[in-house]
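Two complexes are shown next, each including chain A; its partner changes from chain B in the first to chain C in the second.
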Partner chain A sequence: MTFDSAPAIVAVTLVTLATLTIGTWGLRFSRTTSDFYVASRSVRPGLNASAIGGEYLSAASFLGVAGLVFTSGAEMLWYPIGWTAGYLVLLTLVAAPLRRSGAYTLPDFAEERLASRGVRRLCSLLVVTIGWLYLLPQLQGAGLTLELVAGAPRWVGPVLVGTVVLVSVFSGGMRSITFVQAFQYWLKLTALLVPVGVLVAVWGSDGAPRATDLSQTWSMPMGTDGSAGLYATYSLIAATFLGTMGLPHVGVRFYTNPDGRAARRTTLVVLALLGVFYLLPPILGLLGRVYAATPTSADTLVLELPRLMVPGWAGDALTGLVCAGAFAAFLSTSSGLAIAVSGVLSQDVVVPLLRRRGSRFGGVAAFRIASLVAVLVPVAGALLTPSVGVARGVALAFALAAATFCPLLLLGIWWRRLTAYGAAAGLVTGLVTTGTAVVFTISGSRTDTWADVALSQPALWAVPLSFAVMIVVSLATAAHVPAHTTRLLVRLHTPEPTVEPAGPVVALQQR
Partner chain B sequence: MTEPQRVRVTGPPRRRPAVRRVDVGEDTRLGEVYLGSLMRAQLSIAVRTLAVLFLGVGSLPLLFWLAPGLVHTAPFGVPLPWLLLGVLVYPFLFLLGRWYLRGAERNEASYADLLSTDPSGSDDETP
Partner chain C sequence: MRRWKRTHLGTEADRATFRTLHNASLASPALRGGLTVDSAERAAPHLQALLAAPALAITDTDGLLAWEGIGTHHQEHVTKLAEGTLERGATRFYDRVDLECGQAGCPLHSAVVSPLVVDDHLVGTLQAYAPDTSAMMVRATDEVATWVSGQLELAELDASRRRLMEAEVRALRAQISPHFIYNSLGAIASFVRTDPERARELLLEFADFTRYSFRTHGEYTTLSEELRSVERYLLLEQARFGERLSVRLSVAPEVLPIAVPFLCLQPLVENAVRHGLADAQTGHISIRAADSGTECVIEVEDDGAGEDPEKVRNALAGGADSVGLGNVDARLRNAYGDDYGLVVETARGAGTKVILRIPKFAPGVHP
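And then the complex of A and B:
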C-alpha cells in the first residue's frame, strides 16, 4: 500500500510544534524544583484529569485496541475495560491515601511507610524497569507509524519522539507537561471522534454488511480456545485492574493534586474521560472487519482505514487527523513515563552520585541529567529490539506493576503489620516471576502449551503469589513493624482540613 | 463566623502544607480506635464497590463461557458481548466510582464530626 505522505507530515509537524509551544509556555510557570517534580501539587481536578487522560491514553489505546479488536474480536475489549477499571480500583483503594502520604514518588512512599532504604532502592529499580518496559512499545509504535504514513525509516519515530519529550521535560518539568498532556487528551479524543463519526456515516449510507452479519467466534468475549482462553482473559483482567495503580506515570500524577479529596475527584473525572474515549476504538476495529481491511499490521489499522473508506481529500484529511492523534499518544505517554523515571533516577541515582563527587548541582540540574538517561536508554532499546505489538508490550508492563507495586500499595495502605522484609520479599517475587514471563514473551518462543499460556499472561498466578509472600514474610518478621506505622496510617486515612473548612486555611488556599 | 477571619488574609500567596486539624490522638489508644473505625468504614465501602465491580464486570467472561448462546442475542441490533463490553461497561464503571466517592466522603465527614465533638480533639485546631 503506497501512501501519500503529505497529510501525515503536516499533522506530525503541527503536533510537535504545539507540544513544544505549550511546553515552553509552561516554562514561565516552572520556577522551583517542586514545579518540576509535581507541579507544586496545585493542579485542579478538571485540568489534572485531562492531563492524566492525555498521559494515560497511549499508543496502545489509540492504535492497539482497534487493531486487536480487528484481528481477535470481542475478547480484546478487555484491554480498554481493564485500563479503565484499573482507575476504579485505584480510586477505591489508593487515590486519597497515596496523595496524603505526601511523598513524591512510589519509592518515597515505600521508604516513608517502611523506613527502609533497601525497599526504597528496590522500588526505584522497579519504577525504572516498568517505565522503560512501557516506553519501549510506545517508541517502536512511533517508528512503525512514521514508516507507514510518511515513508520514513524505522529509526525516525523513536528518535523524533525521544527528542520532543526530552525538550519538553528539559524546559518545563511536570508543570508544563500538565498543560501539554491536557491538550493532548482532547486532541486524541477529537482525532478518533471525527473519523469515527464520518466513517460510521459512510457505513450507514453505503449498504455494507451490518454488525450482526459478522462471524460469531469474533464476538466471543473470552477467546475461542476453551479454558486456556478463559484463563488468559482473567489473567488480563487481573493485570490491568491491579496494575494501573503501580504504573510509574500514574502514581506520580497523584502528587500533583492539592489534597486527598481532590485526588479522588480527579480520579472520578478520569473514569469519565477514559470511558468516553474507549467507546471509539472498537468501532474502528468493527469497521475494519466490515470493509475487509488488510492493514500492514494490527497496529496500523486506525491509520489506514480512513483512506480505505473515504476517497480523495476527505480521506487525506482524516488520515492527517488520526496521525496527529497517534503522534500525540506517543508523545504524551512517553513524556509522562520519562518524567516519572527521571524523577526516580534523579533522586536515587543522580543526586547521590553528584553529592559523592562534591558537585553543587541540585534539584533541577539533576532532574535534567536524569531525564537524558531516562529517554536515551529506551530509544536505544527501541532501535535494537524487535517489536512485540504495542498493546501486548504494554500488557507486560501492567503485569509487572500488578505483581509488585499493587501488593506494596494495598498492604502498605491497609495493613498495619507489613514489614520491610515482607515488602522486599514480595517485590522480589513479583519481579522474578513476571520478569521471567517478560523475557519469555519477548524472546518469542511459543509452544501453545499451558506453560506458554501461563507465562504470556502471568498476572493471575503471579499477583496472588506476591501478596502471599509479602504477608507470610511480614508475619514471620512481626518484630520489625516500623514504630511509626500507626501515626503514618492516621495521616494516610485522615481527611485534610478542607473537608470541613476552617476559615483562614481555606482563604489561603484560594488566595 | 468565618467572615471576620477572612479579612486577615491579604499577604502574598504562600505555599504551605495543609494544617491537619485531627493530629489529635496519634499514638494514643483513642487515636487508634478512631483510626480503626475510619479505616474499617473506608475499607468496607471500597470492598463493597470492588465486589460490585467483580460481580458486574468480572463475571462476564465466565458467563459467556458457560452460556455461549448469549453471543447470538442482539438487543437493539448489537450483539450482546459488544453492547456489554464495548458500551455499557463504561457508564457502569463511572456510576460505581461516583457511588464510592460519595460514600468515602461521607465516612470522612462523620469522622471529622466525631473528632470535633471530642473534647480532646477540639483544641487542636488550625491556627
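And then the complex of A and C:
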C-alpha cells in the first residue's frame, strides 16, 4: 500500500518543532515582585495529571489498542482497562505515601525505606531494564509508522525519536517538561477524537453498516482457547493493574506534586483523562472491522483507516492529524522514559564512575552522558531485534514492573517487617522469572502448550511468587528490620496539615 | 586458586596484623556513634576478636553497656570492677578473689580493666576476662582501650561539629539584621498616611517574614516556603528602595516541592541586595530555579560591584567576612556531600552569581 507522504511529513515536523519550542521557551518567564506569588505556585494537579497522561499514553495506547481490538476482538479491551485501573491501585495504596517519602526515583524510595545501598543498586538495575524494555517497542513503533506513512526506511523512526529526545535533553528542554507533556496529552486526545468523530459520522452516513465477519468469539471478553485463554486474560489484568506503579516514568512525575494530598488528587484526574482517551481506540478497532479488509499490521490500522474511509484531502488531513498524535506518543513516552532512566544512570552509575576516576564533573555533564547511554542502547536494540508488537512488548515491561516494584512498594509502604534481605530476594526472584519470560517471548519460539502461555503472560504466577519470597525472607531475617521503620511509616501515612500551624507566632511573642 | 592466593598474602605475622586491622576497622563505625548500649553492643564482638579474650565487657561510668562472650553470670562484678578502675584512673588487674562466682568449671578467673578517656574525662571502662592474665594481656587491653578512647573522641568531635552547625542555624535565625528591621519599619511608617492599605500589607508581610525566620523546628523546609520568605524580604526591601531595586524571578514549578536546608537562600539574597546596591544607584537581582534531571539548580545573581574572588574563597573556607555564605556552604556540604558546595562566580566590577545545586532526594533529608 502506498501513501502520499506529504501530510505525514508535515505533521511529524510540526510536532517535533512544537515539542522543542515549548520545551525550550515555555518557561522562560520572568516576574517582577508584584507577581511573585504567581511564580511560587506549584504545579497544579490538573496540569500535572495532563502531563502524566501525556507521558503515559504511549504508542501502545495510541496505535496498539485499536489494532489489537481489530485483530483479536473484545478480549483485548483488557489492555486499556488495565492501563487505566493501574492508577486506581496507585491512587488507593501508593500515591500519597510515595510522595510523602520524598523519593524522586524508585531506587530513592528503596534506600529511604530499607537503608540499604545494595537494594538501591538492584532497583536501579531494574529501572534501567524496565525503561529500556518499554522504550524498545516505542522506537520500533516509530519505525513502523514512518515506514508506512512516509515511505521511510525502518531505521529512520527510532533514530529520529532518539535524536529529538537527546536534543531536548541537551538544550535544557526538560526544564519545562511538565508543559510539554501536558501539551502532548491534549494533542493525542485531539488526534484521536477528531478522526473518530469524522469517521463515526461517515459510518452513520453510510447507513451504519455492520461488520460482516463478527464471529461469536470476537466479541467475547475472556479469550478463545479455554482455560489457557482465561489464564492469559487474568495474567494480563494482574500485570497491568500492578505494573503501573513500577514504571520508572510514572513514579518520577509524582515528585512534582507539592504533597501527598495533591498526589492523590492528581491520580484521580489521571484516571478521568485516561478513561476518556481509552474510549476512542476501540471505536477505531470496530470501524476497522467494518471497513478494512486486511491491514499490513495490527499496529498500523489507526494510520490507514482515515484514508480507507474518507477519500481526498479530508482523508489526507485526518491521516496527518493521526500521524501527529502517534508521533507525539512516541516522543512523550520516550523522553519521559529516557529522562527517568538517565536520572538513575547518572546517579548510580555515571557519577560514581567519574568520581572513581578522579574527575569532578558537575551533575549536568553526568546527566548528559547518562542520557546518551539511556537513548542509544534502546535505539540500537530497536534496530537489531525483531518487533514483538507494540502492545505486547509494553505488556512485558508491565509484567516485569509488577513482579518487582509492586511487591517492594506495597510491602514497603504497608508492612513494617520488610527487611533489605527480603526485598532483595523478592526483587531478584521477580527479575529472574519475568526476565526469562521476556527473553522467551522476544526470541519468538512459540508453541501452544501451557508452559508457553505461562511464559508469555508471566504476571499471574510471578507476582505472587515475588510477594511470597519477599515476605518469607523478611520474616527469616526479622532481626534486620531497619531501626527507623516505624518513624518512617508514620511519616508516610500522616496526612499533611490543611493549615499552617500557628506555633511560630507564639514563639515570636515570647522573645 | 584460593589456597594459592592465601599463601601469597604474606607471612603469619603479616596476616595477624591484617586481621587486627580488619577487626579494628569493623569496630570503628559503631564507636563513632559515641558510647551507648547500641554502639557498645555492635563494637563488642569485634573488640573481643581483637583481644582474643573469652569474654569482654564495655561499661560507661554507671554500669554495663555490653557483654560479649562466655560467663555472662560475671556481669554482677562488672560495676564493682569499673568503679575500682575509675577511682584509680589507670588500668587495673583483678584476680580470682575479686571474681568469686561460685560456679564450678567457670574459666574466668582474672580480668584486666582499662579506663576509657575522652578529653581527659573518664567515660567508661573496657574489661577483658580470661582464665589467667599475662603481662601481654594487660598491655593489649590497655592499648585497645586507648584506641577505643581515640574513636570515642572522634565521635565527640562529630557531635560537636553537628552542634556547632545547629548553633549557626540558630544564629542565622536570630541574625535578621537590626538595620533591616529598622529600615523596614521606617519604610512602612512612610506609607501609613499616604497609602494605609499598602502599609497594612507590608506590615503583614513583615510579620510573616519574621515568623518564618524565627521558626524553631525542622532543619529542612521546601524550596517553595524558602522562596516565599525571600519574596517577602524583597517586597520589604522594595518598599524601602522603590525603583532602585529591580528583581527578576524565574522558577520552574517542578522544583518547588524539593526539600532544602532551612534559610539556605535568605542569606544569599540578602548579600545580593547589599552588593547590588552598594555603590550603584540601581541594582538588578535575578533568582532562577531550574529542573536539571536528578537535581535542581538555583542561581542568585546581582549586577553590583562584585567581590574579590580571593575574599570569597576566604569566606567559603570559614573566614569571618561573610557569615551567611560560609554557613550556607557548610550546611549544603553537610546535608548532601562535598559535591554540592556553593559555587560563586564573581570578579571586581562584574557582579556576583551564586549557584546552588540541590539533589531532589538525599537520604534523611525531608521537610
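Everything that follows uses one rule, which is that the second predicted complex is superposed on the first by the 471 of 511 C-alpha atoms of A that agree within 3 Å, B and C clash if a C-alpha of one lies under 4 Å from a C-alpha of the other, contacts with A are read in each partner's own complex, and residues count from 1 in each chain.
Convention: contacts are C-beta pairs under 8 Å (C-beta built on N, C-alpha and C of every residue); 3 or more make two chains touch, one makes a residue touch a chain.
Because the structure is a prediction, the values reported are computed rather than measured.
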*Given the touch rule stated above, what does A:T13 touch, chain B (first), chain C (second), both, or neither?*
neither
*First (chain B), second (chain C), both or neither: which does A:A103 touch?*
second
*Applying the touch criterion given at the start, work out whether A:L230 contacts chain B, chain C, both or neither, answering first, second, both or neither.*
first
_chain B versus chain C as contact partner of A:S443, first or second or both or neither_ = neither
*What is the contact status of A:D259 with respect to chain B (first) and chain C (second): first, second, both, or neither?*
both
*asked:* Just checking: does A:T385 make contact with chain B only, chain C only, both, or neither of them? Give me first, second, both or neither.
replied: neither
*Figure out whether A:R491 sits in contact with chain B (first) or chain C (second), or with both, or with neither.*
both
*Who contacts more of chain A, chain B or chain C?*
B
*Go through the superposed model and pick first if A:G275 touches only chain B, second if only chain C, both, or neither.*
first
*Considering only the touch criterion stated at the top, classify A:T163 as touching first (chain B), second (chain C), both, or neither.*
neither
*Take the contacts of chain A with chain B and those with chain C, and give the residues found in both.*
40, 42, 102, 259, 491, 503-505, 507-508, 511
*Considering the complex alone, what residue numbers of chain A touch chain C?*
27-33, 36-37, 39-43, 102-105, 108, 111-112, 115, 172, 174-178, 255-259, 339, 342-343, 346-347, 360, 362-364, 367, 370-371, 491, 503-505, 507-508, 511
*Residues of chain A touching chain B in the complex*: 34, 40, 42, 74, 77-78, 81, 84-85, 87-89, 91-93, 96, 102, 210-212, 216, 219-222, 230, 233-234, 237, 241, 259, 261, 264-265, 267-268, 271-272, 274-276, 278-279, 282, 286, 414, 486-487, 489-491, 493-509, 511
*Residue ranges of chain C in contact with chain A within the complex*: 210-212, 214-217, 222, 224, 227-228, 231, 234-235, 238, 246-254, 256-257, 259, 286, 290-295, 297, 339, 357, 359-361, 363, 365-366
*Write out the stretch or stretches of chain B touching chain A in their complex.*
1-2, 5-6, 8-9, 13-23, 25-27, 31-32, 35, 38-39, 42-43, 45-46, 49-50, 53, 57-58, 60-62, 64-65, 68, 71-72, 74, 77-79, 81-82, 84-87, 89-91, 93-94, 96-98, 100-101, 104-105, 108-109, 111-113, 116, 125-127
